[in-house]
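Here's a structure for you.
First chain written, first letter: the chains are A, B, C and D, and each begins at residue 1.
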Amino acid sequence: MSSSGGPVDRAILEDLAAANRILVDQGVFDAAGHVSLRHPGHAERFLMSRGLAPQMVTADDIMEFDLDANAIDARGRNGFIERYIHAEIFRARRDVMAVVHSHSPAVIAFGLVGTPMRAMYHNAAFLAAGAPVFDIRDKFGTTDIVINTAAKGAALADVLSDKSVALLRAHGMVAVGPSLPVAVFRAIFTVASGKIQHQAQALGGPIAALDAEEGRIADIVNVQTVGRAWDAWKQRVT
Amino acid sequence: MSSSGGPVDRAILEDLAAANRILVDQGVFDAAGHVSLRHPGHAERFLMSRGLAPQMVTADDIMEFDLDANAIDARGRNGFIERYIHAEIFRARRDVMAVVHSHSPAVIAFGLVGTPMRAMYHNAAFLAAGAPVFDIRDKFGTTDIVINTAAKGAALADVLSDKSVALLRAHGMVAVGPSLPVAVFRAIFTVASGKIQHQAQALGGPIAALDAEEGRIADIVNVQTVGRAWDAWKQRVT
Amino acid sequence: MSSSGGPVDRAILEDLAAANRILVDQGVFDAAGHVSLRHPGHAERFLMSRGLAPQMVTADDIMEFDLDANAIDARGRNGFIERYIHAEIFRARRDVMAVVHSHSPAVIAFGLVGTPMRAMYHNAAFLAAGAPVFDIRDKFGTTDIVINTAAKGAALADVLSDKSVALLRAHGMVAVGPSLPVAVFRAIFTVASGKIQHQAQALGGPIAALDAEEGRIADIVNVQTVGRAWDAWKQRVT
Amino acid sequence: MSSSGGPVDRAILEDLAAANRILVDQGVFDAAGHVSLRHPGHAERFLMSRGLAPQMVTADDIMEFDLDANAIDARGRNGFIERYIHAEIFRARRDVMAVVHSHSPAVIAFGLVGTPMRAMYHNAAFLAAGAPVFDIRDKFGTTDIVINTAAKGAALADVLSDKSVALLRAHGMVAVGPSLPVAVFRAIFTVASGKIQHQAQALGGPIAALDAEEGRIADIVNVQTVGRAWDAWKQRVT
């Protein structure tokens, strides 16, 4: 059994729990969805709620896992079956500190048809680099869609590559970031940009979305100023 | 007059009443809609609110009916005129333990045009088997649309066949399940999937919806894990 | 100056005030919109709020008007400038007991293009008879769109004819009924049906809307059962 | 350092703070967005919140700036980086007393494609004069989209010209008016009209929007009657 990465500040656990409730409040999560944080003291561990509807998560529900998705000191609590999504992304992407997984309706359609998501505005600047689609059928054939093994998690991480967002066909999305607020920000604005793109596509004609370089430099501003939005989101759920 | 199936645990009546309020809270019901449960002690009886807006239903409003839609011990309470929907589905489908009927706007359009509903994501896996459309004109000609006789209820049950969801042209839908939480889950995600399908159709091109086998096995997971969503939905209305 | 139609029961004034707040709560009114009731004791008088945002209306804000839209005993209160809509419909339609006027976004588009509104489901059965479009330019040329004279109100009433709903180009709609709850019901389900029709049109192909005879007989059921919905709507705003 | 325009009535500061919260409540602002007011006693000064999520703004957060976007008596508070939008519009447009800047999703698509916004109804009458699109690439090439210099603010003011609304490609919009309530009204109904236009475009065919002269005279009514809507909006956030 793996050892713990060590005790974590209560404020960090509170923030991770709040992130769950923020993503419900902002319409990214429904009664499902989960968000994780790499352990601040140990790069091979991560923190994530036990299996629980996100609106209910409090700091006491946060569990610690190793990168094989094994719980450290489970004390009878059960993790989400899809914790492999988080484990394998943390394994593959050392720059990623937080991972969000949701079934947000506004993005599902983009994972089902041949229309790529693009960055409709500065808030979704990270989409300018592209949002690849993971189709579980490609490697695993007919499944129940659930990312319930390390192999499936790793295949998703492989499709995600160095991007900020990947869509999961007929399932949902993942959004990642260099901090918890940035991952939450990206999840929220992937959904917002998706809604706008539905409208832009319907109007027809070329869409003057952010290009790759605009997106790269606009995202820097977002990362720098995310605290203001984070504070506002958190105020609504605490 | 039929005899009662016997007393029912208060907790079960509370859950059935909560299901009415959950379906309002989740946007499936408006000021109308009803949900029923087969009597846990008698397969020829079912439980359902008296005629009342679903947001107002409490355990004391639950009545018992036989499969001819006759009230057992009405005590002056009036049932919904469309209780025949429930009676005839319970008669035809011994595997069904709960039935939801709603007028959810997001599904109506699919009952009016030639576009079949499909399963846009794992949560709507049950739609991969198809969602047939019941057009009351086929057997009954010009009517007021209301399912107000056993014959109409039976015709609807016949169209539903072994599926989980049927659409009613220019009227609404029914969703059924092997338990109350599953029927509620299916009603909620029929609406959610319908909204996504509107977006996917608008984007254009082939839609990589769940195929029949993916749907079948993904639905097994949904049925196993429905408790987590049910608890979250219930917390919001109690 | 016209004489009063006589005192009105407080409960009726409370219901008319509640109708204003219901139509806000149900998304038919924004910060504007008004609803009127023919005086229960005098067919040539009607009751309507003073000029005030509908969310704020209480029984004390209800004024009485004659069919020339003159206030009876104004006591310093100012009526809505568009009270001519109500006066002229009450004059032209002796079967109408209540009138709603709103700027509901979901119906505006149907007044701007050549697509007629149809009855997408039984709740909107009254639309099966058609919803004519009033274009103020036809008789009055370039205006500020406001129905601020008896002549403009009468022209609108003329277009409404014997229907339950008329659209006002680039402005909004009127819905009428044989009672206050029915007029409110029709306003709410005109909006709901309009939203569904946007979805049905986007899916494409023929739309199996209610035909005229289905609509006529389905509307009878709606009028008979409106009390259940009215009670639910009222509970939310009182 | 510029001198202050002088003390401002507390009620005016309260109204400006309320405008921030109104625009959140009405769905124009998300966790970002700002609104400013020209100093009532000095045409070369304006008032605007320190950098803070708009839902949180109170009168104590209002700062004073000169038209070079320099803070007067900052006392450690930081202004929004995009205050140049406001400064340069106040400089270029002496008729403008208030400026709103938002990232409202419903308008973004119109800034990305070749479809001009038009006035779908009388509430959006000011759009009948046109809503030009500012593309920051035209003068500044590849940027992070942020209006963070006087030159960028001036270029935007130049595109806005004498109109009430301008769209910012892949960014958002500005709405201006001769008073704070009018600027807020225009921001709200730009969003509302944008949503309706998406529906009207989807229905297809010519759109009988307000023409320029209808818009001009309908807007006069809006400006005269804005107080009623303002009171209703304010009541909801205070």
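Operating definition for what follows: a residue touches a chain if its C-beta (ideal position, glycine included) is under 8 Å from a C-beta of that chain, and two chains touch if they have at least 3 such contacts.
From a predicted model like this one, the values you see are computed outputs, not experimental measurements.
Visitor: Which neighbours does chain A have in common with chain B?
Guide: none
Visitor: Counting residue numbers used by both copies over all numbers at the interface, does the chain B-chain C contact come out same (over half shared) or different (under half)?
Guide: Counting shared over all numbers used gives less than one half: different.
Visitor: Could you find the chain whose CA centre sits the greatest distance from that of chain B?
Guide: Of all chains, D has its centre farthest from that of chain B.
Visitor: What whole-Å value do you get for the distance between chain B and chain D if each is reduced to the mean of its CA atoms?
Guide: Computed value for the inter-centroid distance: 46 Å.
Visitor: Can you work out the whole-Å distance between the CA centroids of chain A and chain D?
Guide: 33
Visitor: Indicate the residues of chain D shared as contacts by at least two other chains.
Guide: If we look for residues of chain D contacting two or more partner chains, we find 202.
Visitor: Based on which chains touch which, is the overall arrangement a line, ring, star, complete graph, or other?
Guide: ring
Visitor: With touch defined as at the top, which chains are paired up in contact here?
Guide: A-B, A-D, B-C, C-D
Visitor: Within their complex, state which residues of chain C touch chain B.
Guide: Listed in rising order, the residues of chain C that touch chain B are 119-123, 125, 192, 195-197, 199-200, 202-211, 213-214, 217-218, 220-221, 228-229, 231-233, 235-236.
Visitor: Where on chain D is chain A touching in the complex?
Guide: Against chain A, chain D makes touches at 30-32, 51-53, 55-56, 103, 105-106, 108-115, 135, 142-146, 169-172, 198, 201-202.
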